[in-house]
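Structures are listed in the sections that come next.
Here come two complexes built around chain A, the first alongside chain B, the second alongside chain C.
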Partner chain A sequence: MKQLFRQMTLMVITCGFITAAQATTPEEDLAAFQKFYKKRFPNVETSDFVNGAYSIDPVGRENWEAIEEFPPYEPFIDEGQAMWEKPFANGKTYKDCFPDGPAIAGKYPQWDKEKGMVMTLPLALNNCREANGEKPMKYKKGSINSILSYISFESRGQITNVEIPSDDPAALQAYEDGKKFYYSRRGQLNFSCAHCHLQNAGMILRTETLGPALGHTTHFPVYRSKWGTVGTLHRRFTGCNKQVRAKPFKAQGEEYRNLEYFLTYMSNGLPLNGPGARK
Partner chain B sequence: MIGNTKKWIGMAGAISVLAGQFLVTPASFAGGDKAIEEGKKISFDRKKGNCLACHNIIGAPSPGNIAPALVAMKSRFPNKEDLHKQIWDATEKNPESAMPPFGKHGILSEADFEKVVEYIWTL
Partner chain C sequence: MQKKLLLIFSLLIGILCSGIATTSLAEDTSAAKVQKLIEAADAARKQAAGVGGEWRDTGKMIKKAKTLMEKGDLVKAAKLANKAAKQGHLGYEQAMSQKTLTMPSYLHYE
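Take a look at the complex of A and B:
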């Protein structure tokens, strides 16, 4: 009996040690994640990862730089500015909700302790509209992209600095859920996000260079030539999930919000450069 | 699957005995060349095999470079059944493999799958 007890104690200690050795803090994840890309692409300046695949594909970069001479997202910025300035029916404006605005993209996504959830910029914008009796915008296509383009443009140069408050275990859980999503295989084709954008970043998929995940969140919303318009980060998540033949989740639902929380945290330290232009 | 292959080998054997009498090569008589040709089409089809997304095949247009080139398949997989298993579900041999499980997830129909194996084994 005594021996059994001793064995069990030993087992508990061993298991405890293994768990402790495997669990990593967000800070450790961040360091390992960024180190991975720096090691794989030693000639890329860290800040250049905000340019996605163009940081590692010189031919693609040339085409992209030509596109950026007359940015296709420009009309959306202007439209967004008009939206920002136009009073709601009750006479108030976005500025009443966001006194520091319009350059507020660097504050999101953030942990909302009161609501116990990740608050994203699109969600905060719609909360503002609804509080002022306006109809919410759709989260993938349409006018939301104009106001996001304006806010992102005004926020250029702000540094990604997502915080995971240590005094709220639910925040850490949201981060962990987002991380799990990122590394989980899904869909008929059985890919995780990480299979393409971490494991095989820089490799060629048919004719396309797989972009590094580092910097993926800095340039949204993004004008995609494939879409012929500007789209949100969650619209892009939806497209990725469809490409691996998985059922997409709801834009601004918990899954994608937590994914955004994790993915943006992984780009901490990188400057914002939205809106972007992509193939 | 193994049962099917055995049956097929048995059938091919029987056919080759018959074919020998008519001086026809067993492969063409059993429809082998046609299966290989169809397998190639399915392998190149972006909505089906799409092998070129990741693998190079000599002479094929714009292949990816994510996975090893498909060359010398018979020396890499002397036993066709091993190649069959690899395309069916590559994560069995390597849990980290990014290759989609073409058989296990029903990405290809069973008939298309068999043709792809026939074609890839000729490379």
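Take a look at the complex of A and C:
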């Protein structure tokens, strides 16, 4: 009986230890995440991870550098600038909503305490439009990519610095939900985001090099040759989910916003370099 | 020679059996039954969707099964509905299995 009691006590202590060991802070997650890539790709400068797969694929990088000589996203930047400057029907402009603009990409995603949700840049732009009596833009394709391209271009060099306010437990919960999404298996192929972009980063999938997740958020929106146009981060999330044969979630819905919150936090310290060009 | 005969005989029996099976499936598959299979598949899909575990093609399969049923191809419709139902169940199970976050062992916390 005594032995049984001792064994049970030991089990309880062990379980408690495991639970405590799994409860990590965002700072600890960030350190472990970035350390993983530094160990995996010791010859890559941390700041170079903003270039995605091209930071680890020299042949792909040569092609990409050639593409960047005449950036395919350039017309979108010009179009976005015109959108930024053109007054709404009520005479106001985006500048009235974002007085610090247009270089505001570094402020997003951010925790909106009042609304109790993660506020992303596309969502904030549409909030601005709606507040001024304009129709909201679509979140994956179309004109939103032009204005995002312009804002991202103007924000180049800003340092990713997502904050998770400690005075609001809901912010931490949103981060944790995003983290859970990232590490959860989904779809018929039973893959998580981490399987491709963490565990197998640098490996070849068919003809493509799997890009590291570190720096994934810095270069959006992105011109993808596959799309033949610029697309948003949530469009890319949708594509990734489809590739593992999972039904994608709604762009700018809670799932993807929280995922963006977590994923961008993981790139804290890296400079923004959007818009980007990818295959 | 005997082996050859045995092989041919087995093949013939096999073909005959599969023919009977297909015929009986077709006979057993009434439009009402297929409708029920489709409904069951949709319920399974919704259950998976409720926990964020719906798979990409389940909804499309159900839609296709409905079209096939309307065209009178009940056997194909039934097969597809069953496949979709299986996907729905698996998607739900998968999402439930991921309820507790497990961090990968290759991430080292210090």
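Note that in this section the second predicted complex is superposed on the first by the 261 of 279 C-alpha atoms of A that agree within 3 Å, B and C clash if a C-alpha of one lies under 4 Å from a C-alpha of the other, contacts with A are read in each partner's own complex, and residues count from 1 in each chain.
To be clear about the criterion, a contact is a pair of C-beta atoms (placed from the backbone, for glycine too) under 8 Å apart; a residue touches a chain by one contact, two chains touch by 3 or more.
In this text, all values refer to a predicted model and were calculated from it rather than measured experimentally.
*Asks:* One more residue to check, A:Ser166. First (chain B), second (chain C), both or neither?
*Replies:* In the superposition, A:Ser166 touches no partner, neither chain B nor chain C.
*Asks:* May I ask you to decide whether A:Phe36 touches chain B, chain C, both, or neither, giving the answer as first, second, both or neither?
*Replies:* After superposing on A, A:Phe36 lies in contact with chain C but is clear of chain B.
*Asks:* With both complexes overlaid on chain A, does A:Thr207 touch chain B (first), chain C (second), both or neither?
*Replies:* So A:Thr207 only meets chain B here.
*Asks:* Look at A:Lys179 in the shared chain and tell me whether it touches chain B only, chain C only, both, or neither; answer first, second, both or neither.
*Replies:* So A:Lys179 only meets chain C here.
*Asks:* Let me test your reading of the model: by the given contact rule, A:Glu28 touches which partner, first (chain B), second (chain C), both or neither?
*Replies:* In the superposed model, A:Glu28 contacts chain C only, not chain B.
*Asks:* Which of the two partners, first being chain B and second being chain C, lies in contact with A:Leu198: first, second, both, or neither?
*Replies:* After superposing on A, A:Leu198 lies in contact with chain C but is clear of chain B.
*Asks:* Is chain A touched at more residues by chain B or by chain C?
*Replies:* C
*Asks:* Just to be sure I read the superposition right, which of the two partners does A:Asn90 touch: chain B = first, chain C = second, or both, or neither?
*Replies:* A:Asn90 contacts neither chain B nor chain C.
*Asks:* Return first, second, both or neither, reflecting whether A:Glu255 touches chain B, chain C, both chains, or no partner chain.
*Replies:* second
*Asks:* Check whether A:Lys247 is in contact with chain B, with chain C, with both or with neither, and answer first, second, both or neither.
*Replies:* Only chain C; A:Lys247 stays clear of chain B.
*Asks:* Please report the chain A residues shared by its interface with chain B and its interface with chain C.
*Replies:* Dual-contact residues (chain A): 188, 190, 199.
*Asks:* Where on chain C does chain A make contact in their complex?
*Replies:* Against chain A, the touching part of chain C is residues 49, 52-59, 87, 90, 94-95, 97-98, 101-104, 106-110.
*Asks:* Can you list the residues on chain B that touch chain A in the complex?
*Replies:* Contacts found on chain B: 52-54, 62-66, 91, 96, 98, 100-101, 105-107.
*Asks:* In the complex of these two chains, what residues of chain A are touching chain C?
*Replies:* Result: residues 21-22, 24, 28, 31-33, 35-36, 176, 179-180, 183-188, 190, 194, 198-199, 241-242, 245-249, 255 of chain A touch chain C.
*Asks:* Using the touch definition up top, name the residues of chain A that touch chain B in the complex.
*Replies:* Its residues touching chain B are 188-191, 195-196, 199-200, 203-207, 210.
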